Structures are given as structure tokens and as C-alpha cells.
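Consider the two complexes below, in which subunit A is the common component and subunit B and subunit C are the respective partners.
Showing the complex of A and B:
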């Protein structure tokens, strides 16, 4: 019986191995070569690619940008997503409509919304025009043309795009909290803050874990918004790790080196996820 | 005996039936060729559809399937497709990959014999590129009304006259120059690089590509450094539009045409855009960008097509190339006119040029034509991916990076690419 039941998971294991495990092993193998991605030949270079990463200032910049985006977006979508979910947890006339409005950007094509945001944020775009109309011309700025502003703009677009998704997850967890617990807390004289601190928060720890890990993983792999809005520029100032991987592989013909960066990214994300899981287990008891 | 005869007749009948069925099948089932193209203001979806429809009407057995090359780097797009095993059959703009062995198929001599000898190139011993056109590069487009209002009566012919014109425009309340940034990193430096840096470098080193590839001259050479510092001077003086780095190329073009800046260093393709729109008639002029040292030359860029080595129907693919690139003269003329480029066939194909394109061409009278160093094909072609690298670096220069440090990085990257 046991042997037969194993047969049922074989297709899933096969798909998982072919689509996930093998590419990861392949990337690790390529990271030890100098393959340019095109020619038939390549040589084993050992750990040379990994050593090169230690002196690659362009990669350091990309790591810095990715960390900035991850921290900013990660915190904003989790705090904001939870806050919105909290507000929309109670049934009202327009609750479902508002929930849909928040979730809508997530289902739209990222490339399409990036083009829309580009027309909003460019120097002669909608935002600056509106600022001038309302007499706030002092706030008119080049939102995507200089390094500092463009990183902020990318964060704003990404927060706007993903906050609805995290709101839905938090909403699902909030709805699993039994109403009786709140009633018991109220009888014991607990106020709203205490209800949130001692009931809601502990009960949604698994949701916080999932949302945090997912937001970290999503932002560490940030590519499409950067590609469309700034193309990693001006210069390399908004390059992310994933953008750097693609450029090194297909722009600079360094597929071996880009694979080394990809392996590093994989280990980095896996490490953070493990730490986060351990921390959540501790908090959740 | 009788049975044997019947069997033979039946066998022959079956074979004939099978053969005829195969022939009918071959005749009736069209082959499909994928064609990698890119779209711009001039090269629109309708434009490509017209080419496809015209070809398919005359060649019903060959179907053309358009593959749109997205992003600002066509070589990068093609390399991605190549790595994924989806290389389109016919490529526009294949030069960057042409020296990589096994990417493109050898072009039949019969087809190459139809083009001017000067445009036929060899990459690692292989004639794998089909000449498509030759294009003039960049000049400075200017807004006639803004020039007039700023009191500029003649277009600048020297560097000093150019900066003086910028000052006059600023004083009159106009933004002198439009720039490009955002996702179109190629366009940030395009006009200045092809119009000014290229002329300076070619004046100092007439065989620059040969020398730089041999290590006899480096990218940190003072001529390149000084010319780029001059560019930074224009930026630091505030001549460029404040929003330059936030504009894509189409946005910057639209801003310039709507009067947001008085001048725009742009490609010859803008002539076709302006000439084809009545609203812009007589509003814009064009002049050759002066250089700091007075070096005077212009460059052209040959355009090519190529058939992928992985193409399963190479004969059909070459038939398509031959048809569009000169076989059907009307269609070739249509192809050239859209972007204001010129024919490379032994029997020249012409079209009626607009006012601005004529002015653009006449501006080069008595000027020397030199190769464009980053676009040279054949033996002295720069390594694949190097031009993409320089675009990003030149954006850094635009935003204030130290020119010398950037050029030192070019040397390191160049050496690494040559090694690879």
C-alpha cells in the first residue's frame, strides 16, 4: 500500500526535479565554467567566478540596490498590507469593491503598469504636471532620471503593485481568528490595542512568516519594473541583482559568471528564509 | 505470373500515389519563416505587415511570422533567443553576433553578387551577412522659430559658435538641448558619440579599430577623454533639458518636436519622421554638430540581415531576404524610405527624399566619410557586447561620473571581452 502511494507523488517529484532541481544544479555547474552562453566550448575555471564577485563593484551596487528595495518594499507591503486587511476585515457595503481595487494592480501585467508609471513619473509626466497645477512646483523633480529618486520611484511602484496581494493573505489569516477570543478579551477588560497585541498578532504569525518570506523572495528577484522604467540606469544606479545577472549573461556574454551570481542569490534567499522561519517558530511558540 | 504482374502494377500504383501525394503536400503546405524585427516611429507594425503581405502575395508557399525584438538592445534579445534555442530564421541587425561561429548561415554567392562589393564583409572567414542598406548617422536638429527668437541667424559651424548659440537660447528662455535616458540607454550618447567623438577619434587615429584591437591605442586615450569631458561641460552648463534622463527616445523626440528644447542630436531617421508629417513642415532644420578640435567627418552605418544557421528552410529564408532587399524594387524602395536609409544594391534603388532629408544629405557635401568605430563590421569589429557596455558607462558620464575612471573601466572590460 505504501509503495503504491509513493507512485502517486512520482509525477510531482519528476516535474519538480526537471523544472527546479536540475536547473539549480545546472546553474551551479555553469558557475564553475567560463561559458559565454553561445559557443560550443567552455573551460572549467573552478571558483574563479566566485572570486571575481568579491571585486565586482558593479555587483556590489546591484546588491545594495536590491537590499534597499527589499527592505523598503518588504516593510511597507507587510505593515501596509496588514493595516489594510485589518480595515477591510469587517463587512461593509463597499468592502468587496475596495478589496478588489487594492488587489487589481497585482493581476495586471507588470510590464504594462511599468509603462503607465513611466508616463506618470517622467519629468514632463502627469505627477509633475499635477504638482505644478496645484502650486507645488517646488516639489517638481526628475523622479526616474536620477539615481536617488529612481530607486524610490521603483519602490513606490512595487508597493502599489503588490500591497493588495499581501492584504489578501493577511485578510485570510485574520478571518481564521475565532471571534470568541476577542469576546473573552473584552470581558477581561482588554482594549483594542491589547486585542491586537495578545490575540490577533500571535494568531497570524504564520501569515506574517509567509508574507515576509514571499516579499523578500519577490523583491530579491526584482527585474521587470527596473527593466522597463529605468533599464538599470542612469548608468548602473538602479541595477538589481537579477538585472545584473541577465546583463552579464546576455549583454556581456558571461553566462558562467552570471550563474555564479545566481547561485549566490539562491543561497542568500534560502538563508534569509531559513532564518525567518526559525524566528517565526520561536515567536509562534 | 499473372499474380506477379498484378502485384507489380499495384505496387507501382501505390508508389505513384504516394509520390504524387507527397508532391501535392509539398506544393500545398507553406513553409513558415520567422523574422526578427524591431519597431520605431518609422518602422511600425503596419510597415512590416505591408512587406509581409507583398512578399506572401508573390510567394504563397512561404509564410512570414514576425518576431518583435523588444528592449533597447537587439543583440541582447537575439542572444537570449539563441540561448533558449528559439533563434528567429531571419534577423535584422545581426552584426553583433555575426563573428560567433555557427550562428548565421553562409549567404549564397549568387545573392551577394547583387550588392556593392564594399558592403560585403567576412566574419571569421564566413560571408554570413546580407547587405540591406547604408544609413547616415547623426546631426543636430533645431527648432527654427526658437533659433530666430534667440537671435541666432546662422547655424553654428564651430564649437565656440555652438556653445554661444546654447547661451543665447538659454538667455531667451529656451532649453538648448534635448537628451535621452530612461530605458533607452543607447540614445543617451548616440548623437554626441557618432557625431562628435567618432569624428575626433577618426581624425587622430584613422585606423582606430585596428589599433585598439592590437592594443596600440587604448580607450583612455586623451582624444576620447577630452571629447567626453567637453560633453560633460555641455551637461554641467545646464544646456540639456532637466528631464533628459527620464525620457525614453520616443518621449524625447516628441518633447523636442513639441518645442521643449531647441536642439536634438538625433539620427538620420528623424528626417523621415519630420518630412512625413505636414505639421512639422519648415519648422525644423538640421546641421552637422561642430567638434571641439574642428575635426570634420561623418560616418555611415551599413545595415545587414542574416539567416540563422538553425533555420530549417534556408532556401525560403534567403528567397525572402532577396525579395525584400532589392528583388522587388518597389518594396526595397519602401523599405529604405521609411527610415531614410540608402540602397546598397549594384543597381541603385532610389526614392523621393523630403526637404529635411535632402538638407541632411547636402550638409555632408565635401566632407570625408569615415567608419563608425562601434559599428564596424568584419575583421576590425569590436567584441560582441562591448557597445552595450559603453552605453551604460556613457550614461554614467552624463550623470557626472569621472570620465577617466569610466574609460579605465572600458579598457578592463575590453581586455576581458577580447580574452573571452
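Showing the complex of A and C:
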């Protein structure tokens, strides 16, 4: 075949390098300085920013919250998404309608739906009104203003938003499992639990891997819901890592320090992706 | 004995259906609330949030439309420009690159592929400060084309990855035949390859178009362009209380997407999953 012109890749390389790769290199550079974004001068401080991270309790809180949200949402959307997909897999007339309903929140603007949830969860909001009506006033609570509740509220919103997406992916994987395998299992006297354990699960391992990776990647970067619903509060109690980076950079003008945290997040996420790639190669091969 | 088993599985089936139905209703409730309450006064919202607004009031909608600080036209213009041109440019450069990387196998193309994939691991928040700093004097980021190119740069990794994988599943024979007919390589790409990769193009377009339309942080921090997402945030602010207007804003931000979604559900759902299942 005739040689292809390198011109095919040049536009993509140019845009990608100038606007994504160079800024990333810039972040590594900035993370070694004390620049505040306003003054003309800045100094190289070596690894001082990274050292400061070790005593930053506010950052620890943000890391803890991110891990909490990632674990909670990651487990819920994968277990729940797979369960709903499994139930929906037996095709009925309404399956497509139901699938569309579950999927709808995922395509909407996260900021917009967060405002809707705020109207539901705030102290004078819809949920508390309804709880009063049905006589469950014991359950009335401040779902946003109270530190313990607010992180749970964020998880609920995020689960609601993304579970349909994972459900649809699991559904697509479930439909790749050949019907004959289930029939063979039934003839051998296997019940539905055994069918799930010995046929469905092993056949959809690649789907589980992909959904797990995607949910971890998404939640490690959580920002929009926190920004709208709690604004990081009360106090710093619902800050995530991304939220922390943005406020340190654009609120407190600590550009050097915020870059160091961003580099840390980057290395962490890259590490997870490499580990997961290796793990899935092992399972796949 | 047989009938007992049958009744048991029937009950199980109905229980499953009931459960699914309840979950679907629960999922739909927030969306229902957003919709009906946009047509009620704030007093009615607090009093009876679940009721259907009869007769509906359009006060919230007109209030938002007439608000002196909110220019819905500008917001829509910015959002549509970003989603449309951002998607178009990204599709063009990524399809070309993905095609090349898939058909040419040498050391350079392999390293380029890894170079592009690298972007998939990047938490995008790392880019904001350096990007603003690098282009501070130039005024480039304050313009709509600048912001559009920033969006493109963030979506290239994913798109190249998708196109590279899809082109690999297409046989080269058609392209070889076109070469024998004397077609140039860009002509072959436009006339032979592009029609064949259409399903992949649709998938990528939906995925990145949605992410560009819905993105909040990028237009807020880069270029300070008021898109519909940034617009509703700044209009409502973090301490909302006028719920009627809030729901009206939410309506304006989501209705275009809901309409497109309802018209093209199948493409949305199969489009968003085809890549994941194949990959």
C-alpha cells in the first residue's frame, strides 16, 4: 500500500500538544514554584509545595471525601447497575421505556440536575415537606447543612445520575451471553442463582472491568455536584480533591500549591489506570 | 409439581417487574418535579410540590426571559457554538489521526498512539492554571474560537482512541481498489473511509457533544464565556431560594438535550455503549 501522509495526524497533534500536553508540563513546572498568579516574580521552592501537602489537614479531608464518594458511588452503581440490567434483560414491552428513563439523568447537565436535587434535599425542601405529610416527621433532617448527611446526599445524587449509564453498558454485555448457555445450565438442573454465578458473571468480566474503571475515574474528579449542592461545606466537610484544587488556585491564588495537588491527583489516577490495565490484561489473556 | 414451579417463577417475574417499575418511578421523580414546578409559583411549590400545575403559570419563564442580568440568547449562542464547532473540529482531526494510526504501523505511529492515549489518564483540572497562565497576554482564551479549541484538545484522546479501534475493523480492500482507480489519499479518506466509519462518528459526536454542552468548569475558568451551564449557576448562585426561577433555569438548560434525546434515544443509548462494549 502507498505510504500515507503524516499530514493526517498533524492537526490533532498540534491542538493536543499546545492546549493539553504543554499545560500539563506547565503544571509540573508551576508546582515547584511559589507563584501567586498576581506578582511578576516567583521563586523556585523545590519540593516545598509537596512537603506542605503532608501537613494540610484540609487536603486530607478532601482526599478522604473523594475516596468515600468513589467507594460508595463505585460500588452502588456497579452492583445496582448490574442488578437492574439483569432484571431488565428478560425483555418485555416496557424494557426500552424503562431503560430510557434510567438513562435520562446521565445526558442532562450535572449543574442543572444538582439544583433540582438541592430543592428536594434542602431543609425547607420537597423531601422534608413530603416526609411531614406522610407522618414520618421523625425522618425530617437537614440533608445538606449537616456534615454527615451532606456527603451522603452527594453520593445519592451521583448514584442517581450515573447508574443508568452503567446499567445500559451491563445490559449490552448481558446480551452478548449466548442463550444456549442458559438452556444448557437449566437442563443440568441449575437454578437462576447458579446461572448468574457460573454463566453470567464469568461472561461479563470485561464489562465489570470497564465499568469499574470508568466509575473510579469519574468519581476521582467529582466537582459539579459538590459545587452546586454544598459548595464544599459545611466548613470544608464535603470538599473533594478537584474542589480543593480549584479553590486553592482561583479562590486563594495559591497557583504553585494547587498545581502540586493537581500533579499528585494526576500521578494517583495514572497509577490506578496502569494497575487496572495490567489487571484486565491478565484477566483477558 | 410442575405448576408449583411455574407459579413460583411467575411470582418472581412479577416481583422483578414491580421492583424495576418502582425504581424507574423513583428515578423519574426529580425530573418530574423539575418540570411541573417550573410552572408553579414559589408559594405553591413549597405548599404542594408534587401536584400537577393546573392552570400553569408562566411567570417563572417570563421572569427569566425578562431578567436584565441574564441573556439567554448569548448563553444559547455560546453553548451551541461550543458544542457544534467543538464537536465538528474534534471529529475531523481525530478521524484523520485515528485513520492514519490504524493503517500505518511503524515505530512513529505506535508512539503517537501511546502519546494520544496518555490524555485519557489526565484529570482535566490540572490544565486550568497553566492554560490561563500560558495565554494570559494573548487574549486568545477570551475568544470563542480559543475556548472551542481548548474543548477540542480535551476530547482528542478519547476520539482518536475510538476511531483507531473502529478503522481496524474495516477491511482495507476497498481502499486498495480506490488506489488502483487512481484516487489520492485524502480523496480515499473522504469518499471511501468516511462513509464506512459513520457509526463510530455518531458515537463520538454524541459523547463529546454532550460533554461539551454540559461542561461547567472549563467555560467558567477559561475564557469566562457564559454558556447555558455557567449562566444558570451564576444566575441562581449557591444560595438559591426562589425555586420557581430555579426550575425555569433548569428547564432552559435541559430542554434542548431532552428533546434531542427523545428524538434519538436509540442512537444515544447504543452510541454510548457500543464503544464501551467493543473496547
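We adopt the following convention: the second predicted complex is superposed on the first by the 247 of 285 C-alpha atoms of A that agree within 3 Å, B and C clash if a C-alpha of one lies under 4 Å from a C-alpha of the other, contacts with A are read in each partner's own complex, and residues count from 1 in each chain.
We take it that a residue touches a chain if its C-beta (ideal position, glycine included) is under 8 Å from a C-beta of that chain, and two chains touch if they have at least 3 such contacts.
Nothing here was measured: the structure is a model prediction, and the numbers come from that model.
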Fit or clash - subunit C, subunit B, common subunit A: clash
Touched partner set for A:195, first subunit B, second subunit C, both or neither: neither
Which of subunit B and subunit C A:123 touches, first, second, both or neither: first
First (subunit B), second (subunit C), both or neither touched by A:89: neither
Partner chain in contact with A:37 - subunit B first, subunit C second, else both or neither: both
Partner chain(s) touched by A:250 [first = subunit B, second = subunit C, both, neither]: both
First, second, both or neither for A:258, with subunit B first and subunit C second: second
Contacts of A:236 with subunit B and subunit C, given as first, second, both or neither: first
Contacts of A:273 with subunit B and subunit C, given as first, second, both or neither: second
Subunit A: partner with more touched residues, subunit B or subunit C: C
Overlapping contact positions on subunit A, where the subunit C interface meets the subunit B interface: 37, 118, 124, 227-228, 231, 249-250, 255
Complex interface listing, subunit B residues touching subunit A: 71-73, 75-76, 79-80, 82-83, 97, 100-103, 181-185, 188, 241-248, 251, 255, 260, 384-385, 388-389, 392-393, 395-396, 398-399, 401, 413, 417, 420
For the subunit A and subunit B complex, residues of the former touching the latter: 34, 36-40, 118, 121-125, 142-147, 227-237, 247, 249-255
Subunit A to subunit C touching residues, read off their complex: 1-2, 4-6, 8-9, 11-13, 15-16, 18-27, 29-30, 37, 84, 87-88, 90, 92, 94, 96, 98-105, 107-113, 115-120, 124, 126, 129-130, 160, 164-165, 168-169, 171-173, 176, 192, 207, 210-211, 214, 220-221, 223-224, 227-228, 231, 242, 245-246, 249-250, 255, 258-259, 262-263, 265-266, 269-270, 273
List of subunit C residues in touch with subunit A within their complex: 12-13, 16-17, 19-21, 23-24, 27-28, 30-31, 33-34, 37, 45-46, 49-50, 92-94, 96-97, 99-101, 103-104, 112, 115-116, 118-131, 133-134, 149-150, 152-154, 156-157, 160, 172, 175-176, 179, 185-186, 189, 210, 213-214, 216-217, 221, 228-229, 232-233, 236, 238, 240, 243, 246-247, 249-250, 253-254, 257-258, 261, 265, 268-269, 272-274, 276-277, 279
